[in-house]
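Below are two complexes that have chain A in common, paired first with chain B and then with chain C.
Here is the complex of A and B:
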């Protein structure tokens, strides 16, 4: 009975995996790199590389905050942390604008953040780049495809992944007994182990990332519930949903002070930031100065370190103080909603995006993502390995297609990412369409690896493409040093974020060189057989 | 955090030593049922303890996330050692401990 049940499950596992396998591989690669979306954008803006955190950083941030507060009533200052090396100041302006029905209302005009050097306080104007945002958007919206269609494509791939995970659990009966089993053999068994090991080791992560991915796409995949209640007014639905996220927060008490603008001084601001009830000064990640029409001025302090997974986007923990009385008037401690449904939803979404994760936890998420890449990659190779003998007897087009697509997708995406990074350094800073050129370079490189795959013997093409990828990744730190560094000492004086990038490029080159050497051995063994 | 990472790794080492095939590939001493049971129990106990330590230190939700996040590379590392250099597992575990101590005090 069990065997009979497992047979169709194996079939389902194979086909739900292989049909969308290439897309899943690309989604996993771009999604995993999205854990470092901000860092990738920083790396792709060399103008930001000289900013290093120093003793002056806090003072500079205060000065910039006060200066921005002269013009704006809502100033957000983000201090450097393990993920950014600059001070970001965002000053929101309120403009009166006419609405359709003629009434005047306050409309918030979004102003992009200004970035300052954390040591000198100089304004940094970074070059335009798609940066990490392109990879991030690609992993759920693909590129240049209508958003709804893209969401459906990615949604179907995600659902297939979920099916593959569940069927994988069913067909792999010895999950706990074989948890440490890995045999590095060049046969189906070896590839099977290489597929099962990352799958079992990161099983909770894989279930979480796939299920939460579906939840994130819910408005595209299951719009009917909202439509039945709100009709076509999706905004109303979103607005109501948004209020549910914070319905558990107490309203801030109204400050007693009636202070004027001139009272907003550095001393007063320091008193708030060093307040005994506030967070440790070293843990201050962001502060928001809000002036309410000369009635009161409040400072909301948000810590660097999140206290729970519910802390993401605008739902982070914070303490708000009145600037003059120095009284604590509000405190947010996520989860900020009373609704269990909303909290479950936000826990999944937060886990998917890992906004709460500091650099250590983020690294574990990244590793889990890498395991996901290995899982989908080895799954695709396994399909080929299992059918190799059969294909020798009778050539099949399906085998040929999967083999070539495997090559073009797997080595192609790494070549494309390396080319994307290199293009960023070579495309002129003043180039008007440099963002588009970077993205074009990514896709052209990827397309070439598909073309190369189809016109060359598969094993040789694997070796060549992997060697190209090795050369590209190893050249990246050198290109970066040549173009960005003013002096060699910058190699170690720069922020550690950029040092990690160089380490990553070298590690990638080593890993790809290792795979290339395995392929090389295979080619030699094949040649010997022929002789 | 580094201590938790090591304890989770150590817990999985113990659990793998409590398994027949891995015990044989790592240990030079004769198979001993009681010893295997002790390893297995210690491993599970250590995993449970680290689960609560992480929840206590990082908060419930972050603690669980860390625990799952650390477990994946720990399992893979042990699987790799067992495949390539099984006999060196105890030695590598000691070296790993020393490396983490050095990182901690740098």
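Here is the complex of A and C:
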């Protein structure tokens, strides 16, 4: 009975993986890189690289906050942390505008953040770049496709992934043993181990990331429950959801009359930031100064490290103080909702995005993502390996197509990412459409690797493309050093974020060179056989 | 035959899941409708997944199709009746 059930499940596992395998591979690569979305954007803005945290940083941040508060009633100051090396100041303006029926309403005009050097306080004007946001958006919205259509395409691929994972578990009889089994032989068994090992080792992560991915695409994939109750008024549904999500915590806990208006001074601000009930000063990641008209001035303090799995987006833990009385008037400590279901849902979303994770945990998520990339990549190669003998006897178009698409996708996306980074350094800083040019460079490079794959013998094309990728990745730290550094000493004095990037590029080059050497051996063995 | 199973699992499964997610929002008795919708959405992918696995099991395809039609018809009736009572 069990064997009878496993047979169709094997078929389902194979095909649910292969049909969307290339898209899944690209989603995994871009999605995994999104764990460092902010860092990628920083790297792609070399103007920011010279900013280094110093003893002056906190003072500079205070001065910038006070200066911005003179013009704006709502100022957010983000201090440097493990993910950014600059001080960011965002001053929101509130404009009154007339609506169609003549009523005045408050309209928030968003002003982009201003960035300051964490050591000198100089204003930094970073270049325009698609940065990490492009890779992040690509992994769930693809590119230049209507959002709903893209969500559906990615949703179908994600559902297929979930099916592949579950059927993968069903067809495996010895999951625990497989974690410790890797036979590094160049045959089907070896590829199977290379496919199973990352799958089994990161199984909980894979289930979580796939299932939470589906939940994130809910509004496109499964809107029927909300539609049945709210009709086409999805905005009302979202509004109610948001209310339940934050469950009245935002209400001020002291009567408005007690709040007192005061002048915003550095001394007063320091008293709040060093308040005994506040977070440790070294752990202050962000503070928001809100001046309410003729009422009060409050300072909301948000820590650098989120302590709760329910913390994500705007729902981080925080403490709010009245600037004059120094009383704590509000405290957010996620989960903000008292609904278990909403909290479970938000925990899944939080897990997917890893907003709550510190740098160590984020690195583990990244490694788990890399395992996901290996899993989908080896799955696609395994499909080819299993059918090689059969294809030698009778040529198949399906085999040819999968072989070429495997090459174009797997090798191509790494070439495309390297070209995307290099293009960032070579496109003129003042170029108006530099974002678009960067993205174009990414897709053109990817397209060329597909074209090359279809016009060349597969193994040779693998070797050539891998060597190109090696050359591109190894050239990245050199190009960066030549273009960005004024002197060699900057290599050591810059923020560690950028040193990690150089290390990553070198590691990528070494890994790809290792794969290229395996392919090279295969080619030599093939040539020997022919002789 | 595999293509028919694939269509049944994907499209048929989706339709079944859509009906089921609405039915679940009506069946759950939480304090707010939002909670019912969120939980129904969370469960719907599991239902779809289970149906896909069932469609590819060794059960006769005709039997699966008939079961799918009957269940969808019942769920449609259930949803229409209870949504009309709720006045939606």
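Assume the second predicted complex is superposed on the first by the 521 of 531 C-alpha atoms of A that agree within 3 Å, B and C clash if a C-alpha of one lies under 4 Å from a C-alpha of the other, contacts with A are read in each partner's own complex, and residues count from 1 in each chain.
Everything below uses one rule, namely that a contact is a pair of C-beta atoms (placed from the backbone, for glycine too) under 8 Å apart; a residue touches a chain by one contact, two chains touch by 3 or more.
What you see is a predicted model, and the numbers here were worked out from it, not measured in a lab.
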Using the superposition on chain A described above, determine whether A:347 touches chain B (first), chain C (second), both, or neither.
-> first
So, A:308: does it touch chain B (first), chain C (second), both, or neither?
-> first
Could you say whether A:471 touches chain B, chain C, both of them, or neither, answering first, second, both or neither?
-> neither
Report for A:169: first if it touches chain B alone, second if chain C alone, otherwise both or neither.
-> neither
Who does A:211 touch here: chain B (first), chain C (second), both, or neither?
-> second
Could you look at A:459 and tell me whether it touches chain B, chain C, both or neither (first, second, both, neither)?
-> neither
Now for A:228: first (chain B), second (chain C), both, or neither, which partner does it touch?
-> second
Contact residues of chain A, present in both the chain B and the chain C interface | none
Across the complex, what residues on chain A touch chain B?
-> 177, 179-184, 197-198, 200-202, 204-205, 306-310, 347, 351, 356-357, 360-361, 364-365, 367-368, 371
Where on chain C does chain A make contact in their complex?
-> 2, 17-19, 21-22, 24-26, 30-42, 44-45, 48-49, 52-53, 56-58, 79, 83, 86, 88
Residue set of chain A touching chain C in the complex reads 4-5, 8-9, 11-12, 159, 162-163, 166-167, 170, 211, 214-215, 218, 222, 224-226, 228-229, 231, 237, 240-241, 244, 339, 341-342, 344-345, 348
Which of the residues in chain B come into contact with chain A in the complex?
-> 1, 12, 16, 19, 22, 59-62, 65-66, 68-73, 75-76, 78-80, 82-84
